[in-house]
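By letter and in written order, the chains are A, B, C, D, E and F; residue numbering begins at 1 in each of them.
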């Protein structure tokens, strides 16, 4: 689904560092040696698989940062479905620059499109329910902001972005606090009024405690379908319900049918394969 | 296989930035609220799947950068096989710091162990031949150095690290130069004496040109097994032979049996799933 | 009140840059010229005014980054009240280093203690009510995290830390959306389940709309005391109520007595004077 | 008074970091949700108080870095007086970008205008004398260059910018050196020919020593008006005379009338309240 | 000789930091004071000595980063010979900006032209042979990429760029490994297939070992002309031959005449004097 | 002569970046391959030429940043003379780390010792006069602070460090202002009271103007010995006198004998050859 672009201030440092990682100290010695400075090329970014695209702004930036005269014309926007073989964008400019930026542009767009595509697949699998797919903090180090964006592009929603924008009380926290209720109380006393509190619960007893303390959201982790159903009933709309654990394309529909609001999936960001995208020269 | 650790100067900026990405502006508000400053914990980094570990130095650094009093004691070293359920490292220290660093440490070590495990699987699949598995430049942006390290930990070898440490002439380059031979000549005139030249060829005719110009390595891309065999014979040890394209655990043995020296695989670094690793509190 | 320290990863870059800003290219030419390398000094960080201290970790770091052999022994912790003339910390070490770091250490600790002191004064003024003092995003550029910390040290609470950790719908947003209700609906459709939504309202009609759309918090901006009282009644505990506008030590008690949950004050961070703190050599 | 703008190379990193501090990982989620991408706004930066403006280049940059299509048209330049209610600049562009950059732009311009306004007030208070108001190194960490600029905009002059561009011998230095004369001699032997030496003196005897050693400037710290007058006479134009300590709008005229050349004031940069400036949508 | 420009991504951070090093906290106070904002100047970058120019992109960037309205029009390109007195580039723009950037621009272009000129002199001295002049890793810290570029501009070739893009086995390595052969074997087992291996040898026996292990290049360090000649014969084209040690304009021809492929010279980058270049105002 | 060390905060970023420039993405592949992790070495940093050492802190830091277990024991301090063959420091630690850091350490210390040595030579040449040798802003980009330090180590003095710590009025400035006197007046009106003003003069008439306006220092550029003598007499101690232009070991004594206070020399920092220093393994 169409998504609001990320600010250039956030994505530019990532693209810049990724290009420098590839350029090293001497740049693209192969293209520099072979392509005359005035040799122009026209290429197409094309999908080799069906999927959902994301990260086009990063690809555009990769070409622009290498050579501002390169024209990158997207045919799609982040969140759009793309058929196998379809053109995603056209790239026209000096061959040296286009070839130099190619791999970095593709590394971003294929990875983020992979995240978007996996999210879209799961979202379709639960589309007959009210459940939404959400991602986790199991993201690629340094790429969290753009992977969260790719999840949105795939039709998913975002869980918290870090340790500081929401409180998530897990089993270790409960163990230290002594009880779910005490953990929630400690957090509430510590955080500002715009911070929500979610609690991971293992049992119905813990769930009751969390609801009694007015947790904003309940994470039902690794529960059976029966327990999930029971949990959803117990919550009764008083908090957001989230299921997690062993979510696959096959298991997602049944999990969603338990009535949970959210299904969180780590592998969207830690293990989704890329969407195969290439850059083809055109006549 | 045991590998030489990467310099701290290279990995520390990555871990530092990844931690800051998770800390945001306010840090771990949940653990800060719940855990008293003097509460200590003892945890184990444990494999939830069989595999090969990599990235332990980054995990260690994540804990140390958050709190230098945390003790991270590895039970294994990068490149070691790990059984399901086995302990990878012990972490002892203040609960706040351990819980704060946990996700960043796990994000690094599970991802890099995923790369190492995939590499090890493929390497085992071709172990009856002389072929070695190598990675490509299709790495995660900003993580190339550590992913290349993980490939070595998994028993694979590294292709070039960037655009500047070796020349790789591809189809677009050949099209610009007019011929394989001319492309090689242009590169040789441009680069220093310690730069090797590899050429991607599509046909036996191109292969002959490349050998005539004394290319150091030949990339036989997306060829049939018959063509690979023929290519290897044609090369006759005069250059390193590398096969790429559609390499899976199933196809790798046959490709390796064609006699190629190297099999390069993009998905080791762009699509390998993580190795599931968790942090468990112990009594 | 005692507060959890900020992670070193967050404060160290600030202290490092502040020191470099003062060192310039040649360092402390006066102290380098005058003090022999082995000359030791013993100093005390002393309050010249009564107040609440904050920022001691930054002061400690200023000395340590200049010379790790300097011993900084705090007599208090962030959030502690300090009497005029009382010692805040003792600093012992080479004179060159102590004199070099002095101004940077003082600039941090006096400014942050100023924020904490202002917050504590206002908090005392409303201590007979349930209202809490909160800060805003009107912070010193680049110092938001540490100023928010100082507000906590002064007994206040934190509003959102940035544009991304909570939604705050203001008049301009309502104008664009067409109504308060539509604005809330757009935000809810856009953000994750852990993001709270606060709405600034000017009229009771808008307030009703906001409550009907289940806003998490209501900002009653620049309202008369009567309107505030009416607003609090209308909210009836269904959302957090926040008052803002023209808050001073004199007006705060009456505002708090209207029953609002929070009183937000921009000048805590944009205009609070420093707490006068000096570094005195002791025999 | 009109001042030369600071180089973009110096201010851009400040504005960039301040914006990133506010954007966090996800950007302005409220404006992104509510404002369509093509919604344009026209706003005015308006003074809510009388004062002197400074920091317009930083405000302009805040908008431009968020969205280069935003037009920021200043009606004034740094150093200009502004009446209550007057327009400082007009901002036209996409609503999303304007609302996203608003707070950062205001945080800079209101703070720096506060410094300029305080400086102008003090300068007016001593305008009947030859004394000039100067700032100190008691600046906001990381903002020294722009605060010094704001002081110039307010009609003040700058003291040294750091520890390295001039020598300032204080009481601690004298104590280590053994005497004012010895301290000056040590500094002169250490520094280059373009470094001036200022000495803080407590007594007339020290003043004589400083003059005998040809100090370039004398800081008469916390002296009575009588002592200041006596000091100025003793100096007799042989060095620049500077008074400091307990300078307020009320005390400044009498201090200036003692004949000192400079009056240095820490609170211009450490405790001046902001100038209240807002951004108003216009039809 | 004409050379491919370095990517802006690589040179811009260098120029930016160099300008900031010169600007300090307050910028060019002399030019700001003297030149009105609208005063324009026209200047020429002129060679005061005959030589070969390099670094023009860095000079252009110095002016552009200070003021994008300055027009820098190069009359030559990197690698071009320049006569004494000849114009290298024309600079037109606001006087303030031109004067502010002047020294940084000159510091880069005179230094890099010095490297290019030294390289060109040595290259001419061996032009009657097939030997090429190459640089080493004895470069100015932080300027390696641009100095290597200057060597290419002077007609020389580049040795490895760092510790990671080729293996160079020196005496200390041989001592640790126990023999030349063992050292080569260890390296070959460790590095990827695109890494070349060069070995420094002291004796003919070591040379034989290196050739037997198929070293890609042999460094004949500090050998007599007779030994060099013997070494070249022994190598017989099986590896690249490189001579180093005591290379001067006087000794280079005889060294080149021994038949070596390469002559490496540290002083090109560590001790070459600058090419004297100035910026002259023109009517 | 012994000099005060530079703050670690200033030199560490330089050493860190220089090491990363050499390490690239993969580190020291040669030493990693050959040296076992537990292999220890003992080396000596030894002068291959007579000279004056500088930069030992940077060398020490290079080893420490690569491996904190390496012990670097200096036998000398910056500013000390060193005989040919003498030991400068001892380095003991793991072979891998020592060999990895070697080149970066040597690049810093040999370059800075070259600057110190050149400065010391010139200083000795004028030791029979009161003239002191000073450096200029013609320094290596990014290394100004450490090169200025090296000049002090060699017994020289520092001119201004940048565009902002002193005013230097040159011919272009005079041309814009219309006269020397007007240029000085503009600068004095613009800068703070701790900024000195130096003026470059071509004629005695200009010199008179500069003295009449009480310039702090006079730069007599490219004058004949007779003109210099006349200039010194005209100045008569009312300002610091500085000679520049065509200063060599041969011309310096006569220039100094004209009575000037300072002789400034660009080539100390832009063209001085390195002092040859090596790292030798010891039994």
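We adopt the following convention: a contact is a pair of C-beta atoms (placed from the backbone, for glycine too) under 8 Å apart; a residue touches a chain by one contact, two chains touch by 3 or more.
These numbers were taken from a predicted model, which means no experiment stands behind them.
Chemist: Going only through chains that touch each other, how many steps at minimum separate chain B from chain F?
Modeler: Tracing touching chains, the least step count from chain B to chain F comes to 1.
Chemist: Touching chain C and chain F alike: which chains?
Modeler: Output, common partners of chain C and chain F: A, B, D, E.
Chemist: If you match contact pairs by residue number, which of A-C, A-F or D-E shares over half of them with B-F?
Modeler: The chain pair with the recurring interface is D-E.
Chemist: If I rank B-E and B-D by number of C-beta contact pairs, which comes first?
Modeler: Of B-E and B-D, it is B-E that has more C-beta pairs in contact.
Chemist: For the two copies chain A and chain F, what rotation in degrees overlays their C-alpha atoms? Round to the nearest 5.
Modeler: For the C-alpha superposition of chain A onto chain F, the angle is 180 degrees.
Chemist: At what distance in angstrom does the C-alpha mean of chain F lie from that of chain E?
Modeler: Roughly 22 Å separates the two chain centres.
Chemist: Determine the centre-to-centre distance between chain C and chain E, using the mean Cα coordinates as centres, and give it in whole Å.
Modeler: 52
Chemist: Let me have the rounded angstrom distance from the C-alpha centre of chain A over to the C-alpha centre of chain D, please.
Modeler: Whole-Å distance between the two chain centres: 44.
Chemist: Can you pull out the residues of chain C that are in contact with at least two other chains?
Modeler: Touching at least two other chains: 4, 21, 23-27, 32-33, 100, 144-145, 158, 161-162, 164-165, 190-191, 195.
Chemist: If every chain is a node and every touching pair an edge, decide which shape results: line, ring, star, complete or other.
Modeler: Basically all the chains touch each other, so complete.
Chemist: What does chain C use to touch chain D in their complex?
Modeler: That would be residues 14-15, 17-18, 21-35, 39, 41, 95, 99-100, 103-104, 106-108, 110-111, 114, 137-145, 161-165, 167-170, 172-173, 175-177, 183, 186-187, 189-191, 195, 267, 270-274, 281 of chain C.
Chemist: Given the complex with chain A, which residues does chain C contribute to the contact?
Modeler: 4, 134, 157-161, 164-166, 190-196, 198, 216-217, 240, 242, 261-262
Chemist: Considering the complex alone, what residue numbers of chain A touch chain E?
Modeler: 16, 19-20, 23-27, 32-33, 37, 65-66, 96, 100
Chemist: Quick check on the complex: what are the chain F residues that touch chain A?
Modeler: Going by the criterion above, the answer is residues 21, 24-25.
Chemist: With touch defined as at the start, can you tell me which chain D residues reach chain E in the complex?
Modeler: So the residues of chain D touching chain E come out as 4, 6-7, 9-10, 144-145, 148, 158, 161-162, 165.
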